[in-house]
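Reading through the structure tokens given below for one structure.
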Amino acid sequence: MIRVMEVNAATEQKTEQKSLLALLPPGKRTRLRRLLFEFGPGNGTLMLLPIDQGIEHGPRDFFPNPASKDPEYQFRLAAEAGYSALACQIGMAEKYYPDYAGHVPLILKVNGKTDIPSSDEALSTCNANVEDAVRLGADAVGYTLYVGSPSQGLDLEQLRQVRQDCDRFGMPLVIWSYPRGSALDEKGGQTTFYAIDYAARMAMEMGADIVKLNLPKIDPEKDKLTPAPYNEMDVSQEEAIRQCVESAGRALVVLSGGSRIADDKVLEQTGFIMRAGGSGVIYGRNVWQREWNEALEIVAEIKESLLANVSRIP
Amino acid sequence: MIRVMEVNAATEQKTEQKSLLALLPPGKRTRLRRLLFEFGPGNGTLMLLPIDQGIEHGPRDFFPNPASKDPEYQFRLAAEAGYSALACQIGMAEKYYPDYAGHVPLILKVNGKTDIPSSDEALSTCNANVEDAVRLGADAVGYTLYVGSPSQGLDLEQLRQVRQDCDRFGMPLVIWSYPRGSALDEKGGQTTFYAIDYAARMAMEMGADIVKLNLPKIDPEKDKLTPAPYNEMDVSQEEAIRQCVESAGRALVVLSGGSRIADDKVLEQTGFIMRAGGSGVIYGRNVWQREWNEALEIVAEIKESLLANVSRIP
Amino acid sequence: MIRVMEVNAATEQKTEQKSLLALLPPGKRTRLRRLLFEFGPGNGTLMLLPIDQGIEHGPRDFFPNPASKDPEYQFRLAAEAGYSALACQIGMAEKYYPDYAGHVPLILKVNGKTDIPSSDEALSTCNANVEDAVRLGADAVGYTLYVGSPSQGLDLEQLRQVRQDCDRFGMPLVIWSYPRGSALDEKGGQTTFYAIDYAARMAMEMGADIVKLNLPKIDPEKDKLTPAPYNEMDVSQEEAIRQCVESAGRALVVLSGGSRIADDKVLEQTGFIMRAGGSGVIYGRNVWQREWNEALEIVAEIKESLLANVSRIP
Amino acid sequence: MIRVMEVNAATEQKTEQKSLLALLPPGKRTRLRRLLFEFGPGNGTLMLLPIDQGIEHGPRDFFPNPASKDPEYQFRLAAEAGYSALACQIGMAEKYYPDYAGHVPLILKVNGKTDIPSSDEALSTCNANVEDAVRLGADAVGYTLYVGSPSQGLDLEQLRQVRQDCDRFGMPLVIWSYPRGSALDEKGGQTTFYAIDYAARMAMEMGADIVKLNLPKIDPEKDKLTPAPYNEMDVSQEEAIRQCVESAGRALVVLSGGSRIADDKVLEQTGFIMRAGGSGVIYGRNVWQREWNEALEIVAEIKESLLANVSRIP
Amino acid sequence: MIRVMEVNAATEQKTEQKSLLALLPPGKRTRLRRLLFEFGPGNGTLMLLPIDQGIEHGPRDFFPNPASKDPEYQFRLAAEAGYSALACQIGMAEKYYPDYAGHVPLILKVNGKTDIPSSDEALSTCNANVEDAVRLGADAVGYTLYVGSPSQGLDLEQLRQVRQDCDRFGMPLVIWSYPRGSALDEKGGQTTFYAIDYAARMAMEMGADIVKLNLPKIDPEKDKLTPAPYNEMDVSQEEAIRQCVESAGRALVVLSGGSRIADDKVLEQTGFIMRAGGSGVIYGRNVWQREWNEALEIVAEIKESLLANVSRIP
């Protein structure tokens, strides 16, 4: 029996989240097990390396560590430091992954966009598809969904095709689920518990196997603009994360670090993500904006923290 | 002979509504009979459990009963309390329905959207299709149509594909038919008898087998903005419902409860919906925003009211 | 020899319009002959019953005769009063036509829209296609074209698919050709001789076998806003109709009655439509907004007028 | 050796334009030879009869000669006066061409639009395709391209499909290449040498075998708004035409007459078009806005002028 | 071992860029080797002749050298002066390339647009596809990507199809990667190091085998509007180019000359492009806006400079 007990701090009720792997059809199960048990820290955890900043932000993120401008740096890091998987776009997958095929699993991100135009009506169109991922030997597909964008109609329609192809090919689907767009401005913006919680639920309802979330930020000024009952809740960030993880239901949740923060904060955060029911972390700049040895060191510490705080069996 | 007598209060004429089931091709008939006679209260009635609030409103609807945040709660309720069917989106159907397959019929809702952006040009794009429903063993497909939206052109085109696939696979089509969009503002809004009546007719003309309507609300201020002769009619809510049911013709009609209301109101409403020719109800928050035992109790009472007030043979 | 002599009042020249049927490929000819000779008044005339008001206007058109809200009323009328064909949308064709299959020909209208949003950029998208019509045993397909709408690009592209499918399946194509959209406001609006004449020609050039037109209205205030030479012409409504019929060339023309008018006007109008070269009429509200016996009576009189004034062999 | 010497008045250099026919694959060559040598004036010239005014302008163009409202008039004229080809839309091709099949070649125009809405963002969508042309025995396909329109993206994409189908079926492609759209307002409008020259080049670069241009008009006020070096050039209309013909390279060029002008002007113009390297003319209103005998007379004179001034072998 | 050492001036670190050819699948490798080694200057360099100004700017670019208006001029130049390849649109490829097939490789540019409408929302739609390129014997496909345009969603989606077809047919993909669109106005415009660097990275991430860039321009006024750290960097143009080349990773980079500049500047520029790791140049107007012999002379000098400054093995 693969089960995990979760404690809901607010209600003191215990709920049991059924195993995701046990539910999945064989293709998805085979591939997802590689990420959860065969690569990376293992024991059902996920330590993912994202390399999509070059398209999402441009090369500016690479200047703090010039070596990182060469994708080879991150690919080698993913393989040598023992990541569960790395996530990148088609061009890098075609030109850099071949040397690492079999050494670290690939999550092919199939959509993306630059941050040059306004994100008021954010939509990230597909520059690759699930067949590309199959052809390249990827073990999962990544999709960025902008929850609440005025362009959500096109987004959900596009995601449908990706999700159906994932079902067809037995390919796990990772949804980067981000609240976004002008309509959120008057509802507290894109970082509130309300917004992240909605994003978590949307991703699960749209068929994600793994949901990638940003950390909700507690900010009373913004929270009071959110719909009831969020506007009157008084929760800690840890509790908010726990609830977001719950909203994703049987889908596994990984949380990201965003821009670079202090080392102790990285590790502390990793701990409470895992204790809140998270299945892992996806840290990019916090890792590869360091020199090689420093990067290996922080990775080792993150792994330790991940394994020490596992609270959910996938 | 499957016939039902309906009394049109306004004209004192009796009209006979021909049986829907008798008309349907075998695939649709087989599946729809399961909902009407094999599951739920039976005797040609429909008691449907919707679980689409997580996408349409976000997790906020689950806070009154935290247990309901876990979809398992509603799935178990649907099966154990004996619903005619439950209606949910693809992600939940894939991750929660397997344990209940065969225990309660599934209506796969194939479109949906968040309520974050304005609904001035409301359009709900498809995140799943009829083949998904066939694959999952669903007994019907649900589609949300926004009647009168400036985006109606895209909506009707999209619905065409869903309707044609339903015809191809013998899958019953349930249309959630909602007046919506900025153009209704100056015509009395989306809750008038005029608007709901139009929505009922549209759904039938577009090929619905079952039409899901919201209850029309009688509000003289709004009604006088509606087109003639609605702006001069003086009807009760019961009579308005009866007429809306009539406008849906041979399609069966279920009415929803919306946000939570008092228990006696729920039961009273159920009674006059059925006496007006409705075929059943679709109550979500009114049921699962309760503790487990309370939920079972109200369900039992709703069933009783449904069966006591049947006025139409499907 | 199937020929018809037409007198052009303006020029006193006689032109011969070649027979349409003689030109058509066998599938179109077979089906169209049913409407023109085997059903309805016959002798090459068309008496069509439209039942698309429920989608185009909503149920409000049915209140003057509540019995007409049940589509059964119009279907039975079409069959028993001996119409050439009835025209309706997919939902009604699927749910009401089966009982009348073989008793009265069906024209399946494949597009439609509500009148709730503005028609400034009018476009009526397809909710069915020609294959649906073939499957249902229809003898023609109906398409609404909004001539001059800013959305004409999408309209013509969509019509292309319908027209090509009609060619492929040998299905006659009836175009409801309506001037519409904001650009007509400064050119005299949608009811002028100019606008209807353009609509007649467009429908023929786009491949119509039958063109459905509204009656042009002579209004000097509006006519002087139309392009030359229409702005300086002084023609009677009868002459305007004759010219519009001519503009449709070899395509047959039927004219509609619009909202209900007096009986003698209906019959008078029918007469001059036929004498002007029209092939028939399409009267909806003028017929079914009456009690059953009254409806049968006016239909008998319309038939008589149609047959008495035939001036064109189809 | 099929060659033609062209004198570039500006530079006094001679350039040789290679034969188009020699380049074309067999299907295109077979069909285009019919227009150039087997029908019409022959000897490599083109005299085309356009009948697309009914859709582009409405029936108003037919009033000066009421007989021309009946498409039979133009079809008979094309055949009896000996045109190289006639160009019309699908509806007329289907309903009027059968009687003339084999007697005069058909150019099926596959896109078109009314002139009712603004042409600020002009786009002419396809109402037929190349397969229609093949089915009808056409010898070429016509496409209207609006060069410089803000909708050019959609236009070029649509043209791609038409061009590819022409390549697939060996069907010659005639591009009606018109500068159009709001962006030209501040660059001198749609009739300048600059605009027509750009249109000529665009058509060739997009794959035209024949380019149809309007005559450039020399107007110093407008020319000074055009980009350098056009804004400082001082050329005659004849020289401007010669340059436009050159810009179309190996594609043949035909020029149109536009609205009706005096007879001597028609013939004079025909002469300098041919001497400037043009391959022929496409005169509509200048021909069929005349009584039958008058029309035959002017056609005979145009033919004579065409043959007397040939300067290019196709 | 095919390797090349690159010196990163800023960090004094040496990085090794792995060979692109070694990575490519056989179809791409076969074709790309022709450009790099069998035609043109060889030794892994690229000297490309663009002939797309006729569509991008209109014929105005040809006036400085009237002979260049005839595409034959550039085709002959490409073959006789020994270019690595010429790049043009479909119409010219079909009408002028046949005579040069086998004498100089063809890069078929599959999208393009006029410069008449505003480029605020620049998007270049496809007027040809990869199958056209295969049919014509092309050795690569060219695509123009507008990085940062508000229309980027459509652009990336369209590029996906082109890239996937290139993968399917083993066709090398050359991306003309241009920062463009209104959103760049407040970020320093389209010529900054920031903008070009982003464009280089985007092209590589989207799957380019070769990236065509414009030269970044150093302008302190504009640079201070760019995002950090670009707004505070103080680099030379040479260093900026080196970094942009690095951002394209394993994709080869060619740089363009833009409008005509002085001869010594052309050669100096060629030198530092090659020393910065570039693989070649794409000079159009700087070459063919010259008389034939002058053109041959400058080409010879460019070749010499290319070969003298090679710093990267492809």
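Order as written gives the chain letters A, B, C, D and E; numbering starts at 1 within each chain.
In the analysis below, a contact is a pair of C-beta atoms (placed from the backbone, for glycine too) under 8 Å apart; a residue touches a chain by one contact, two chains touch by 3 or more.
What you see is a predicted model; the values in this text were computed from it and never measured.
Judged by shared residue numbers over all numbers used at their interface, subunit C and subunit D contact each other through mostly different positions, with under half in common.
When the CA atoms of subunit A are superposed on subunit E, the rotation angle comes to 70 degrees (nearest 5). We define each chain's centre as the mean of its Cα atoms; on that basis subunit A and subunit B are separated by 36 Å. A straight line joining the Cα centres of subunit A and subunit C is 58 Å long. Looking at subunit E, one finds that none of its residues touch two or more other chains. Viewed as a contact network, the protein chains form a single closed ring in which every chain touches exactly two others. Beginning the circuit at subunit D and passing next to subunit E, one meets the chains round the ring in the sequence D, E, A, B, C. Interface residues of subunit C, counted against subunit D in their complex, comprise 8, 10-11, 13, 15, 17-18, 20, 23, 147-150, 152-154, 156-157, 159-160, 163-164, 167, 179, 181, 183-184, 187, 194, 197-198, 200-208, 227-230, 243, 246-247, 249-251. Those residues of subunit E that touch subunit D in the complex are listed here as 54-55, 58-60, 63, 66-67, 69-72, 88-92, 94-96, 98-99, 112-114, 116-118, 123-129, 132, 135.
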